[in-house]
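Heads up, there are several structures right after this.
Next come two complexes built around chain A: one with chain B, the other with chain C.
Moving on to the complex of A and B:
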């Protein structure tokens, strides 16, 4: 049976609860149709930052490759990388730019200590994976350093080690000076997981610590993964696009309304009741049976839409709780409790049919126990834990990280702050909900 | 290559006749080095070997017990009647059979691999900061000692909470241990002496001083997880075992339990502060961290400790580095780990036997002293590379062409290629103090030999050295890398590549420069002490003990199996 997917329309509200677009076609929220999402993914894929200050330190001392290695025979004690960063930048740009009018962007940040390199579109177009920005940007910087300082062939490879670290002897850039919002292809948990390597800290930095915008951006990366992994197709497409609209883009203002209403004295249970009541009133779920005790057994009328409502409630519960505590660590408990309450009290399927609850449980363990894992801000969809829930858990993790007021040992400001500066003039990152909604309205979806 | 026999040369010729390597070879081959018509090929195939005869007898018993065909050297395709000569270990009063230096027949070599695989170092400084700043705990000498006491309990697979956990029999894991070291003597004076790696005692004063300065005030834990752990679970277990047992010790000693700070500690331990010996390598090789294919070449040079114990005999250190590299990289990684089981154990022996390699390296060391006035004094130029490569090639080719015994020992082009490449690499490093000069000299020496002989060794040795120059000077992203950070999974290295060229050059360069370590002070200290394990300061002696069946390995299961 063919479903006319164009029938799903939603109203999108901003992170301030204001209507930004009406009757937005949900299909238009797919990265395959939505220019705003495509633009953000493109910008991320082509971006890399070189830490020139670290490069200078490595070359001055011969401390190359990390982990306390020190080889003074490679040292160039008087090298002034930061001081001559403008010249290095110009050289790098001359290597990276392919045409006078292409969209190459090479800029200095932090008084010449950081070098941003965004490779142009024609480079991205011919790349087979997402390592090209790091490799081209790094390579251009190596050659710029060698040229600028006339470094001898005996020491030239030290420039490469200062920037690329132990690559290619190992599979990533360990010990180097390259920061990328994306991880490296050789560290992927599964095929198609590239967009899932963006960590919560990066997302929060991109969104300037705005919780709802963090959730929106996180959803974009998860959608990007779904496309890459062949999962945004067939019977799953509507499930995830509706979920994205309601949880990440505040469709029909459910998230904002609920958080506003529950912000003062709400609990996870109260948030759940609010969402259930709304879903019942709007015909998304129905009472299937009333038991002799009076307990009502509910059933979804529209399974995918109910899942989207449930997911928006999960984000709202996260924001209410983590916002009240100004602490990210409890997000795992909230995901567990919200979904267990939901299934036990209503008999409805919980978010993504048990996946979110399972992820919450493992996330609780792996953010609180001695068996590994890491802090909430370090998590990504490429983690063995969070990979099991598609789309719905990471937005909650990102929102929680955004709401944290300093309890993290590895917070966004320490790990990934540079990305908030880089994209401060890119409107899609500054106001993702509005841009995505508007783009969906103008999307050329075509006939089904 | 052609040279006239003037008086100086005649003197050299006479000196050559008295060379130690010729005497050793005459002894093991029982023939004169001047004899051009030998009887090497009339020795009765495998039956001339005491060890292979022993294997044959064992196998007949096994066939009766198991009812299936077993070891039978008569099934082997005959490659010609050859003398199976034993190997006289250079500068040691010992003769060993080749089979006894197969990795699987020599408990010392197995322990060498295990000891590298089971070593990790933890930088405890960030952990102490988290304890103080995040958890509000006081880090004191007493609390550090308590952590170390508990950690030496948990490192053997014991539980930090009692008493319903299932634990490992401590006799199985007795070689697992943890100790501390730091560059700050004042800090270490406050620590329980039983758990201190004493840099001042282990290193000569000037080396100790350099190492302590570079380590600074940071406190490091040397972690050797039990041998049986890496034998059961693989080398990638080491970092995880180290981090988890460490965390258990901290949780116990500081009274902390399930909370986010615990997890932050774990993350910091596992991903921020733990230093392994081998890096992660491409999935194609099917091995985890700390495997031989991921060990940076510079680390191999720091694992060897001969420079620490015998500072007045620097050449001995370079020989040991080449030999251990040949074991780890050529015989171990390429021929056993990658090729799979049927290895080339001769690569364990040929560098340390019959004084051949020693003689070449010693000749080149003397050449460097005479030519440049000392180690590390040659200009870092192409001219130096050419001079070193020419002299080494000339010397090696000369002994190959004038002594059938040398060629019999270094049978096939492969071993002759390696002997030349590695000695040229050491000499280039010694001369200049820079590993690039050494590696380049190694590559160039091969091209010179190829001009003379028309070939090198196996095909892939030619490939390796032909590409060598381009790879050495490159800035291509998948090849550019300083020599110390390269490893056996670096692109373009193949199953018979002469990988030992790199550590040889790095070792030579370190000796040429002076100092206290080649690449990493933490690795240097970590292998300066090795309780119950391989002796990295006495390579040949320890290998001989293995061949003589006198080396007691760790990780045995005697405590939980029937007596035998």
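Moving on to the complex of A and C:
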């Protein structure tokens, strides 16, 4: 039997630059082998949060399905959803739980204002896509409301609209009370883009505003997408796995070490030169030819590894520049100019062979109100812009969002803070770099 | 494992090379991009004049803030925040403000593409827009004021062919007027033939200033031709540096194709 053995090994360092695991096989970082990444993806896939406070408000006023939709005749003025949230929770749990000992989790947060529902494994296993948590959790809550408040069949539809919003008149849950880390399947840009619907606000909340961990988590979702969409196969496998190891997991301490050196007075250009120096000294690139002006044309000795170095530099430059201004918006500018400087400086191929530069350019237009709106925190890999760079751009966007000190109109705290509370006891989300590295070691790649 | 780490390589200190080429234009580009090179100062502007030109606040007025100072709000526990020092503007929570330049195609010392790269080589915490006819630079307000002085007082700014325009930027690709000044629909600058000086009579938004700001004499065309970072057929032709540039571009594209397709380009 043919087994594609990939024998690259890397040392993985933590977000503080401490050695976490030595000689980690990069093959073990693939979600196909890595239990830690698989666990994260599973947890995200089965999670949904219902905003009970919003349900109560909608039902009391009859403002169902978002703006412009006022239907006072549907209103149930005295309904006390938040007050009776404990009972609603019990009812929902009885609907969702399939066995006494399954991994269903139904919990209340924010004094009964938010209801977390995590559907059990057997539900996830039989579902064809990732809408199951939102649909099952939403339906269970609708029925719990109808039962708990003994709502008449004439008003019961209002409960459904309060939770699901205008769906199915719209293709998503517009105006509803469901917030899910993932988007809806009908909004996907292309086939297999499910994992890319996680917005950078969600990632930053999951990572508790830690920039390195935000980049790591973002990389996990992108890797999940790469597997899902058939991109992590054949000759591209090594490219993306090395990129993930170096950029997202701080392999060989390139990202942290560069940021540490450049923290006080570094600029994007200085970070680039630092990364080129590292690549040159470690033999990843070599001088191919010296031109009459003295300009040295470099060539990569190992193209995939060079791409991983370049991507690490891009993340480090983001951390230095966005970190210095404590402002997320400049990430697009960094992505363009880092790559532009890189190709003019060394004649080497830029990050993901030109894709990152293109992404940066459109991201600049979108986040600076030139063509339509958008904000760094609301961006996801499923966006028509960020979809064009696989794996490498999204970690930069997430790290930038994490380093923002309050210049965003839609910051993570306002939009998705609940996710940091939900997963505060899941060690994979709290310390992704360490968990992924240990899991890769225990996958025993190369022993087969 | 790949061939990379097998042979020990002698450690070298990397020296930025910035761009290829042997002509004066390439030299100029390298000068402007090099963060160790101090740009030559050719005029003096007071802090008050710069604040007025930007038009975001009255001189002496406090900076507007977008969030409380970092020391007050406290920062989340993140190792990167501990090692990356915030700029003074970020520390104080200043709002983000901008300056925008329009650079004529007629021998402007510096233009959009080089500006973006220069800002990212030289300045921390900058956010440069990527457009063809204008270049916005967004920063925390006090950081912005700190560097605008350098951008306006040095050799990279000539008041006739570079302009500060927040709005109505049109003009970079138009022929210069009879005085050799770039077209401006808002008429922010005034050329005085008496002293051959150019005055800003309006701020970057086109609002009339109390007192005009004197940007000094405009440079002669010969002088601009020596200072510009743009290749032109009627000055230094790109063909003079073409061979080097094409080698750089071909090397990059060859490797991009290899990376994207996993194979070499077919023989031509």
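Observations on the model:
What we mean here is this: the second predicted complex is superposed on the first by the 434 of 448 C-alpha atoms of A that agree within 3 Å, B and C clash if a C-alpha of one lies under 4 Å from a C-alpha of the other, contacts with A are read in each partner's own complex, and residues count from 1 in each chain.
As a working rule, contacts are C-beta pairs under 8 Å (C-beta built on N, C-alpha and C of every residue); 3 or more make two chains touch, one makes a residue touch a chain.
Since we're looking at a predicted model, the values are computed, not measured.
Look at A:401: by the touch rule set out above, it reaches neither chain B nor chain C. By the touch criterion defined above, A:171 lies against chain B but remains apart from chain C after alignment on the C-alpha atoms of chain A. With both structures placed on the common chain, the touch criterion links A:291 to chain C but leaves chain B unconnected. A count of residues in chain A touched by chain B and by chain C gives the higher number to C. Within the superposed three-chain model, A:270 lies in touch with chain C and out of touch with chain B [touch as defined at top].
Residue contacts after overlaying the shared chain place A:329 against chain B and chain C alike. Once the two complexes are overlaid on the shared chain, A:368 sits against chain B and chain C alike. Looking at the shared chain after the overlay, A:161 reaches chain B, while chain C stays out of its contact range. Applying the stated contact rule after C-alpha superposition, one finds that A:354 touches chain C and leaves chain B untouched. The residues of chain A shared by its contacts with chain B and with chain C are 329, 368, 370, 407. Residue ranges on chain B touching chain A, taken from their complex, read 123, 130, 134, 214-215, 240, 243-244, 247-248, 251, 258-260, 262-268, 270-271, 275, 279-283, 294, 296, 298, 380, 433-437, 473-482, 484-487, 489-491, 509, 513, 515, 518-522. Contacts from chain A toward chain B in the complex involve residues 64-65, 67-74, 135, 138-139, 142-143, 146, 153-154, 156-161, 164, 166-172, 174, 186, 329, 366-375, 378, 407, 409-410. Note for the complex: chain C touches chain A at residues 1-7, 9, 11-14, 16-22, 26, 33, 35, 66-68, 70, 73, 75-81, 83-87, 89-90, 93, 96, 113, 116-117, 119-131, 136, 138-140, 143, 244, 247-249, 251-252, 255-260, 262. Chain A meets chain C in the complex at residues 7-9, 15-17, 208-212, 234-236, 239, 256, 259-260, 263-270, 273-274, 276-277, 280-284, 288-289, 291-297, 299-305, 307, 319-327, 329-330, 333-334, 336-338, 340-341, 343-350, 352-354, 360-361, 364, 368, 370, 399, 402-403, 405-407.
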